[in-house]
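There are two complexes below, and they share subunit A, which is joined by subunit B in the first and by subunit C in the second.
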Partner chain A sequence: MERTNTLSIQQSRDNDFIREVEEASGQTVSKCYQCGNCMASCVYTFAYDYPVTQIMRLTQLGQRDTVLGSSSIWLCANCQACTTRCPQNIDVAQVMETLRVMSRKANTVSQRDIRVFYDEFLRSVKTFGRVFETGLLPVYNLRTKRPFTDFDLAPRLMWKGKLSFLPARIKKRKKIAQIFEVIKRDRFSKDGKARPEPLSSQTDI
Partner chain B sequence: MRIGVFVCNCGTNIAGTVDTKRVASEALSFADVVYATNYMYTCSEPGQQEIQRAIGEHGLQGVVVAACSPRMHEPTFRRAVEKAGLNRYMFEMANIREHVSWIGNDREANTQKAIDLVRMAVAKLRFNNPLFSSKMPVNKRLLVIGGGVAGIQAALDCADGGMDVVMVERKQYIGGKMAKLDKTFPTIDCSSCILGPKMVDVSQKENITLYAASEIESISGYIGNFTVQIRKKATYVNWEACTGCGLCTEKCPSKKAADYFNEGLGAARAINIPFPQAIPKKAAIDAQFCRQLNGKKCGVCAKVCPVQAVDFEMKDSIVTEQVGAIIVATGYDLFDHSAYGEYGAGRYPDVISGIQYERILSASGPYGGHIRRPSDGKEPKDIVFISCVGSRDASVGRPYCSGICCMYIAKQAILTRDHLPESNSYVFYMDIRSPGKNYDEFVRRAQEEYGVQYIRGRVGKIYPRGDRMVVQGADTLLGVQVEVEADLVVLATGVESSAGAGELAEKLRISYDQYGFYMESHPKLRPVETNTAGVYLAGACQGPKDIPSSVAQGSAAASKVQSLFAHDTIETNPQVALVNERTCISCGKCIQVCPFGAIQWKELRGGIKKAEVLPTVCQGCGVCNATCPPKAIQLQHATDNQILAEVNELCA
Partner chain C sequence: MKRVAYYKGCSLEGLAVEYDRSTRIVCEAFGIELVEIPDWNCCGSTPAHSYDPLLSAALAGRNLAIAADNGCDMVMTPCPGCLKSLKGAQETCEDPQQRKAFVDLVGKDVDGLKTVSLLQLLYEEVGAEALQKAVQRPLTGHVLIPYYGCLLTRPAQKARFDDPENPISMDRLIEATGATAPDFPYKTECCGATYGVTRNDFVGRLGGRILDMAARLGGEAIVVACPLCQQNLDMRQKQINKYYKSAFNLPVPYISQIIGLALGIDPKVLGLNKLCVSPRVLLEDRTQPDQEAQRVGAAVKPGPNQPGGIAGGESIQPS
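Entry: the complex of A and B
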């Protein structure tokens, strides 16, 4: 949200957004009474553009663009301190997770690096059936234009056996790739609505 | 029988979803109905006059009103038909508001259901008989359960009115929570200075009998005639003899007994008088900590007692009292903050509850009124208060506002500044609830004159750093996380219902809500009555309350008792069971099932025994009616014939 002097409550309120968040997260955002306990408990409040209490408030006000474009939802570590401490029993971490999914779908991810990491991580899983760190990290570093970050750690990790030169061999890696195909097909078959039984008929992974 | 039916629109409450005109016209086709109409507000003065006019004009012998719940207006309409010359029991009410119009939007279905309910009411009315109440004497003695400020107020008001009062208090002293407080908001007057004289009055009034260290064992009877059994718990000190000199406490070698009065901040002796102004000022032994009572050789107190009052053989005893009315003023307890792991769950000695801080502030408290930290006895420089601990918190099962914490925090912060002018106080709050006379001004004064820092946000966690505590919270107005290093943290623990409130409610046959607070008869219009006649409520047992409200309720309950006791007799309810001696087979099953002991044997001439109902004891529950094999015992106004007539109409 741009810092404006006046926010038109009626004109800026997106009721569909509130409903979508509530349906997808299973949480009732109107239960939040803005006590600030989530903000007080959150280890990343210092880094957020909007503290989590304000993310909840913006969601109550139906400020779709501001919420989905915020950096907070991507910096959230999903540590669940907010959920644990919430006096109103709201699963705040679940709301944050929901907002991440919605933000990715709407293609409004504000943190390019984080989006790239998610993408590369999944691509690695799709290709090798399991994450191949030695491949993932250089690609991620290149795509985020900082090729030598953490490069110095590689020898020590290799020495300890935490990184290997070759991807791990797993059985039926093509079946894992199929999961991605099925999800992709379902996602784009009917107006982006997922089908009820995506995998059951063909999986024996 | 000539029956009139009156269907109420209740403005749009009923007419909105029920076709009342059609209900009335349908009613005209029911057997015996000679007159039917609908009316805007039947309970209004003209509405009642309309009923009375119709009774006269159409020679009605029974009246059905289809309107709201009988709990709302049955007494109103009974009075109305009585004024027109009918017996008050020749009246039936069909609830077409709470049971129909308020719960469904389908106009057609609602109208049909309303017609069915009216048909049932008419069918029942055809079997109604005039019933007459009798009069019975009122025992003009009052029982007050609980000796806190609400109970004391009620007892003194009634005693001033010349009534005999019996007061039962669970603890060994009266005064309740207020006796533990240092000062009171918003006037900062000393709690024991304003309460003390009232406590002394209780002990000195000749018409108040005080049973301290006693609990209610059982209650039987009914309005005007209750029989109460009181368990006097063994104090191991003969209170008749004890002069309260305190010599026993001085010499008692068991020095680490729990100090309940000081909320665990100090240590008490096993035999003690909790505080200097205690009423009654009598010593009692805490059996858990007494050496003699735990098999060790001691008995020092018995040796030093100048009047030989100590009696290690003392047992609980039961006394019986007859009273006509009961005021319940059992007060509240404070939330146990060990449920809050993020605040240390009670492990940090310098994170204390509000009532503990109250004892620290008090001149008669464990530190003599000097503010010190429990851990090392140092004077704190930075003190953090946290509101809503165990209030407005659904995650610990306390979603309600305790209503007093905002005010007592402000008071404690002000007093802290008075005691330690160099100290800083911080208050974490969610909202400030100060809706009383001079209350908000008081909170403003804490901020403006006493420099108390108010921070709008909850606290996420408290953890130690060196010998101080770090309080990590939020300032939601700024949208930042904040941190305060504190020497002492005071948690404003909220109000919860008194331990054992449920058990007492069952003895009294009154209802309580999901949190254990007693239910008033009507939240606005009958705030101190319960649904059990003759039992009244005062103070925080009914819900969180501050001192002014508790005192006001104490006086309100007292005035209810005085208006009851202004009569020498009260009318009995004729809706009780009645035995038909001709059909009674003397099996005695009704005597066995009656929960109130209201049925006994009656010997007829020739030694034949039949069941007999004591109409004053019978509560009209109908268990005997359902049990009786030959259906000889019938609950008046709900006889088998009346109920079957209703069922027949429903199933027709």
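Entry: the complex of A and C
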């Protein structure tokens, strides 16, 4: 991971980034005075490259690449502890959510396996209208080359009759697929600038 | 009879089938008619949110629209994750800037609907007092830990139910069944369920902490109201034990199962046999004083290397 050079931080300041985050999240990120309550409340701080307090600060400083490429925004579980405890009433979890959406659009998702899992989840919803739990895992395992993830759970779940081998499909699947298509078509135009998703090894739903 | 639209969500069709079953039975027992939303679809959960908030709103919104078409003004879901999406859909629909896009996708607006969790429905529409009066088989003598999870009452402005830091609704319902509900410091701590598949070590760490605290308080079981918390703490308890070097053996029943049990409903009908960790300990009748003496503080023996174990965990040894 490339650390941000704090001495020359103003040179990489992107004012558009601050504006985009505040507009999309509806939160005034500049109100954050770095008290650290969010970081102290966050049970994932141990796994983050930048604790959430620093994500807030880096966002205030317009550090687009550092923030959107951080592992923190993708390891956040959206548990709302930060939001609940922010003395400035900033919905910090909402800011993190917005950063995730932006990082997907910019194709800078740092955690490939989490993105693969989310993609397969959405693909399942798009195809069947519901999530097919039993089908989701093997596909994820294959795509992330970890074929035995959670296989230890299978026998017991089978015994308990909790594994289904056929997906539950809803009748109006076409309507669901249509929602996906419209969102996919429009999600870049909302920003005012048309930016097609870059072609890369990362797939899309 | 109160008519409530029922959005069960994908989990309750698969890994949380017992939550669905017990929810229906308990609601019926209290005269609440659940109308399952016809042809409901997945709310999209976290993946839809992080793709585009409008996708999440539209997916969840379609279900709300169908509920409204069926003449319901209240929608209940037992899953806090689904509830968050449903509330997000309502918020998007009310936002003047996004309203048009939302209505275009969903087909209609979803104004005037009330969305609640199962816990809120039971607490507000039934209430602890009515439950206490209906108890047939008191759970007196059992120590049950109320665990709410992170999303049930948070964020406060959106959930608009109970307290975001120290919720008490489930405590009151557990107490109404006759059982003891100790103050649980990790009531709303995140259990890491989102990362069950992708970052299993997170689950070991966060789930382990919750199980550990529950055992220290002498809990016999952790009562939950979220299918993800349940799967995480129950189905993955063996994985947690492996990571945490512990030997927890705590059943994790749903609040609806506990209430059903107190109402005298057959445990099998409530799907208690579907839990991974056997909930047999909950079936013991401890209402007689002589049996009180046999009370086991916790069904847990601390592992040899329990991290941070307090004095070898004597306090949680079976008495």
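As a convention for this text, the second predicted complex is superposed on the first by the 178 of 205 C-alpha atoms of A that agree within 3 Å, B and C clash if a C-alpha of one lies under 4 Å from a C-alpha of the other, contacts with A are read in each partner's own complex, and residues count from 1 in each chain.
The working rule: contacts are C-beta pairs under 8 Å (C-beta built on N, C-alpha and C of every residue); 3 or more make two chains touch, one makes a residue touch a chain.
Because the structure is a prediction, the values reported are computed rather than measured.
S.K.: With both structures lined up on subunit A, is it a clash or a fit for subunit B and subunit C?
M.R.: In the arrangement built by aligning on subunit A, the partners subunit C and subunit B fit side by side.
S.K.: Between subunit B (first) and subunit C (second), which, if any, makes contact with A:P87: first, second, both or neither?
M.R.: The answer is first: A:P87 touches subunit B but not subunit C.
S.K.: So, A:R100: does it touch subunit B (first), subunit C (second), both, or neither?
M.R.: So A:R100 only meets subunit C here.
S.K.: Of the partners subunit B and subunit C, which touch A:A77 in the superposed model: first, second, both, neither?
M.R.: second
S.K.: State whether A:P51 touches subunit B only (first), subunit C only (second), both chains, or neither.
M.R.: Only subunit B; A:P51 stays clear of subunit C.
S.K.: State whether subunit B or subunit C is in contact with more residues of subunit A in the superposed arrangement.
M.R.: Looking at subunit B versus subunit C, the one contacting more residues of subunit A is C.
S.K.: Taking the superposition as given, does A:Q34 touch the first partner, subunit B, the second, subunit C, both, or neither?
M.R.: first
S.K.: Have a look at where A:S164 lands relative to subunit B and subunit C in the superposition and call it first, second, both or neither.
M.R.: After superposition on chain A, A:S164 lies in contact with subunit C alone.
S.K.: What's the minimum Cα gap, in whole angstrom, linking subunit B and subunit C in the superposed view?
M.R.: 6
S.K.: Which subunit A residues lie in the overlap of the subunit B contact set and the subunit C contact set?
M.R.: Shared contact residues on subunit A: 46, 81.
S.K.: Touching residues of subunit B toward subunit A in the complex: what are they?
M.R.: 342, 388, 392-396, 430, 456-461, 472-476, 479-482
S.K.: Any idea which subunit C residues touch subunit A in the complex?
M.R.: Of all residues in subunit C, those touching subunit A are 10-11, 13-15, 17, 39-42, 44-55, 58-59, 62, 101, 104-105, 150-151, 154-156, 164-165, 188-190, 192, 194-200, 202, 205-206, 235-236, 238-239, 273-274, 276.
S.K.: Using the touch definition up top, name the residues of subunit A that touch subunit C in the complex.
M.R.: By the definition above, subunit A touches subunit C via 43-44, 46-47, 75, 77-81, 83-84, 91, 93, 97, 100-101, 104, 111, 113-114, 117-119, 121-122, 124-125, 129-131, 133-134, 137, 140, 149-150, 152-153, 156-157, 160-164, 168, 170-172, 175-176, 179-180, 182-183, 186-187, 205.
S.K.: Can you check the complex and tell me which residues of subunit A touch subunit B?
M.R.: 33-37, 39-42, 45-46, 50-51, 53-54, 81, 85-89
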